[in-house]
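Submitted below is the structure of interest, expressed as structure tokens.
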Amino acid sequence: MSFKLFFLLVKAAGWTLGISVISIVFGFLLAVVLSAAMLSGKPLYTMPTKLFISFFRGVPLLVQLLLIYNLLPFIGINVPSVVAAIIGLSLCTAAYQAENLRGGFESVPRGLIEAADMAGFSQRQTFLRIKLPIALRLTFPALVNEAIMILKSSSLVSVVGIVELTRMAQDLAASTYLPLELFSAAGLIYLIICWSVALLSSTVERALPGAIK
Amino acid sequence: MMFDPKVILDHLPEIASGALTTLWIWIVGMVLGIFVGFLVATGRRYGGRFLDIPLGLVVEVLRGTPFLIQIFLVYYGGPYVGVSLDPIPCGLIGLTVYSAAYYSEIFRAGYGSVPHGHVEAAECLGLTRFQTIRRILLPEMALIVLPPCVNLAIILLKESAVLSIITVPELTATVSAIGSAQYAFLEAIFVLAVIYWVIVEATAWAARKTEARLSRLRFSAP
Amino acid sequence: EDALAKIKAAGTLKVGTETAFAPFDFIDAGDHVGLNVDLFAEIGKELGVKIEWVALPWDGVLPALEAGKFDMVAGPATITKARMERYRFTAPIAEATVAILKKASDKAITKPEDLAGKAVGVGKATSQLAQLQEFSATLPKKIDVHEYVSFNDAYADMAAGRVVAVANSLPNIAFVAKQRNGVFEVVLPPFGKKSYFGFIGTKDADHASLIDAVDAALIKMKGDGRMAKLQEKWFGTKFDTPDSVKDPAF
Amino acid sequence: MTLPAISISKLVKRFGPNTVLSDINLEIPEGKVSCLIGPSGSGKSTLLRCMAFLEEASEGMITISGEALGYFERPDGQRERLPAAQIRTVRSKIGMVFQQFNLWPHMTALGNVSEALKTVHKVPKREAEDRAMVQLKKVGLENRAGHYPSQLSGGQQQRVAIARALALQPKIMLFDEPTSALDPELTGEVLTVMRDLAAEGMTMVVVSHEIGFAATVGQQISFLDHGKLLFTGAPSDVFAKPRHPRLEQFLDTYLDRGASMLA
Amino acid sequence: MTLPAISISKLVKRFGPNTVLSDINLEIPEGKVSCLIGPSGSGKSTLLRCMAFLEEASEGMITISGEALGYFERPDGQRERLPAAQIRTVRSKIGMVFQQFNLWPHMTALGNVSEALKTVHKVPKREAEDRAMVQLKKVGLENRAGHYPSQLSGGQQQRVAIARALALQPKIMLFDEPTSALDPELTGEVLTVMRDLAAEGMTMVVVSHEIGFAATVGQQISFLDHGKLLFTGAPSDVFAKPRHPRLEQFLDTYLDRGASMLA
């Protein structure tokens, strides 16, 4: 396999990384909102959230992507490929992350919240300054795991027309007829990306203050 | 685009057979994966460095690459090194190995969650290592590892669609083939969404029941 | 105003395709090339518009056409009766008759009938699959048909040795044989019924004038020899194709 | 005489069907150290938490320097909940120190102490940190300001928790077994800080297993048993004989330990 | 005189670069109660864990009733590890009771006590449970046999832990701060059981913060500080003045608490 082909794979890996990172960020922000809705305990908020999570965890990502890309135009929203891919991945990861975060919020020791009550924090201040940072710290490893899952699942966004790493390997294999070489190289690139993410996150995790013993 | 339920009804037997294939490969692969994963976690805990480091490396490679690529390399690359597997065995082995990597990490965390003192108590009373694992560690970690095991099971169900590239007639491939042969894409997407969703919800429901029963059995009044 | 007028006003024609379909559409060293690319470049000149390509996996192409993600599909696809009920095909651009690709080292297969009782690969839910099954029924011993999600997996499996041959349209396997010269070989003659490749559009009235205009451009290119030259460039041979297919063989 | 710092009347607290506090009437005098003692499960923590409005009493009234906490009594005798803002105002007079410290693990000692000043009282960062430093100095931890809770010993953590409560300049400090999560040798640090506060005339309510502390520093001692206030009085009255039989039995548990080798 | 129940000679324990026990020589007399006291971090738990072979000593020897535990000394002075089965045999003479109880949460009290009889000693289920019931009765918990640990109070849990160790009929019982995880009132239950055991002549080694217990029940008291055994002797010697200055300081910490109201 030539260097040129490998370079093309690396370039496609840029799409994989770019789309995943953006989706992880959006998905995470949405997940914070969703988990807050779940914690509110008000059926008005929890019911739609439960439905959302059930749908986006229960239905394969491939199907979600096809729905977003091909069905939204029928109600007059024509989303470009990149947007469809990011929406699909974000919604899917948000559903998983929301569940992770909810676990985190529920394991914030009650006493820490009482301490905030005593100091006169409003509910919003308690959420932003105490609950969120601690829940994040508690769920950090799970959040990173989910991010790595999304990195790998992002290969499915080719169904909406994005030539990411896996698709590029398939395309190149289709013209060079060297599938084994190309797939091995793609696997290696995934491995490097995932390991870098894992390494980076464990460094960050060690640096993060506030482990609860 | 029009929705035509007739397409689905006409192909019900094929759809059902695809669903059954997916179901049984998923369940068998997962059960084997849990078993192997537990062995790997145990090996890493008690096997010393010479087992821990290589096993850890293999686990990380398996977790760091997409299932699609792994299964492709094994199925189409295997014959070059003298391993020529049929699709179903290859799919089963692939699913087992892939899930074992993830399950081993869950069990490793499970081992870590049992207070060391409980193991020391067993040691003081003369239980052998095997007895300690079977009588103390396994039952104690059961409740803790159940939720992540179920989560992983749901992820695996959906990953199993990848097996279509090695010609396993599983649900996704079967239904999308019907979709493209009949040009009934909307119907195909709909069927896939519903069937997977039903399996996932059923799994989650069963898990919740098991969890409730386990915790009732183990930690409450007789 | 109809689709053609809108396209001319915008100055771009959006064409959907799948880029793992050599030699029609593929990625060669990073560039999107193939017969389709050259043909549409000429069509664009005739219509006075630029071409904008949208590449999707084949599973996603036709749903996206129906969703209006692009104006037509390059592909191309074999023109069949069933498909003509749902889509409108352009004038044929190449022959699609199904033939056999085998390993060059395999001396046991010299004609299509030698496949009786052997394992042969083909794409899932394709017209080539239907042709192969029909052919299999005429043999004394049935062919063991293996269905793949993509033809490329079928080639990989032939290399791995699980199937001895792959059935696909002549232009495609001719290209594979040329690329992996000495590894793969085409078995002649083709065994399938004569069939043709055409580009795909929707049947609605809005798009009729667009497909008419593309048809006109293709027929013009056939007349002035540009088509033949491009077929020669990509297939190493040229095909005799009718101006339109009204009644496909299957 | 001045108004009592906290006045509790006819307080009842139920958890579901269980009544854990029944008919409590208690006045906490201003500028003094009051101790709550009693066996485990007798309701000491619950009573203290009611004073901080971390638990809402099921019946009865609590006033802080004469102002109603949480509920006020309408002329017809019905209780009505006060608006949240008003509850916060009254509660701001109270500082609470928890048994488990409850320091926020993602902030340094300085962060823990200055956080409420910044977010709740909108004090500028610089000034908030200066004021926090003053409190840390008071508990002898000025050189630990940049440490995270996980990097501090139990005694140091508890002192940061005290500084955190003091930073908001409460008029009353509530302590729930402030040393019972500490090693015997670390206990000393915290008791010293509490003695200093007492000497400064801070109104304090202390739930404590440290009978020694209660006996030497406490100026009013209340004994709870099974949710009932059996006895309130000066230490000399409490420890003097003859004692209430339940109190006698309770004290014996302590005397059995630690004391017997003094002979 | 009989052989000492445990004899420790020239024991050194290092964790990485830190020496936490240095040159310990100690004999635990048979049929008596020996107490280990000392400040936090002085190495009491580590020494006790070495006696149970839960920690392996870095140097030195331990013998249980004359039999080598874990290692034996070759004539050339080198230590050699004994086979696992032999270690188990010697260790079976020892029962250990942990500070945190370490009951198995998925088994009832009866299950906890009978487990080792069934799995290790292959006693039939019925008989194992009968023998377990005898032990539960001894610690006063026969009517709690079917309860899971989470359904028992701390004192009850600790008594189950004692019954679990007793069920294997050890000759020596080791206790690591058996009451420090307990409420003062729950402590009483456990101390009572321990007093009964002492009265029966069980050899016991107790690491304890309960100076009162040490003073009244202990027949030999050893004081550890910074990994060194500063003092071993009868209680009267330990508590008599003049004391070792470090011991004096240590005891003061306790006397400050609980005792001062006796006046």
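Letters are used for the chains, namely A, B, C, D and E, taken in the order the chains are written, and counting of residues starts over at 1 for each.
As a convention for this text, a residue touches a chain if its C-beta (ideal position, glycine included) is under 8 Å from a C-beta of that chain, and two chains touch if they have at least 3 such contacts.
The chain list, named the UniProt way, goes like this: A, B = Amino acid ABC transporter; D, E = Phosphate ABC transporter ATP-binding protein.
Owing to the predicted nature of the structure, the values given are computational and were not obtained by experimental measurement.
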Both-way neighbours, i.e. chains that touch subunit E and touch subunit C: B
For subunit B (Amino acid ABC transporter), the least number of touch steps when starting out from subunit A (Amino acid ABC transporter): 1
Number of steps on the shortest touching-chain route linking subunit C and subunit D: 2
Centroid comparison with subunit B (Amino acid ABC transporter) (C-alpha atoms), farthest chain: D
Rounded Å distance, subunit A (Amino acid ABC transporter) centre to subunit E centre (Cα mean): 52
Between subunit E and subunit B (Amino acid ABC transporter), distance of the C-alpha-averaged centres to the nearest whole Å: 46
Computed distance of Cα centres, subunit C from subunit B (Amino acid ABC transporter), in Å: 39
Subunit B (Amino acid ABC transporter) residues counted as touching two or more neighbouring chains: 1, 76-77, 80, 185-186
Per-residue multi-chain contacts in subunit C, two or more chains: 59, 63, 66-67, 150, 153, 156
Pairs of chains satisfying the touch condition: A-B, A-C, A-D, B-C, B-E, D-E
Residues of subunit B (Amino acid ABC transporter) that touch subunit C when the two form their complex: 1, 75-80, 84, 164-167, 173, 176-178, 180-181, 183, 185-186
Sites on subunit B (Amino acid ABC transporter) touched by subunit E in the complex: 115, 117-118, 120-128, 131, 135-136, 139-140, 142, 218-222
Touching residues on subunit A (Amino acid ABC transporter), where the partner in the complex is subunit B (Amino acid ABC transporter): 54-55, 57-63, 66-67, 70-71, 74, 148-149, 152, 155, 166, 169, 179-180, 183-184, 186-187, 190-191, 194-195, 198
Residue ranges of subunit C in contact with subunit A (Amino acid ABC transporter) within the complex: 19-22, 26-30, 54-57, 59-60, 63-64, 66-69, 150, 152-153, 155-156, 176, 179-180
Subunit B (Amino acid ABC transporter) contact footprint on subunit E (complex, rising order): 52, 54, 88, 91-92, 94-96, 98, 100, 102-106, 108, 115-116, 119-120, 146-148, 150-151, 161, 164-165, 168
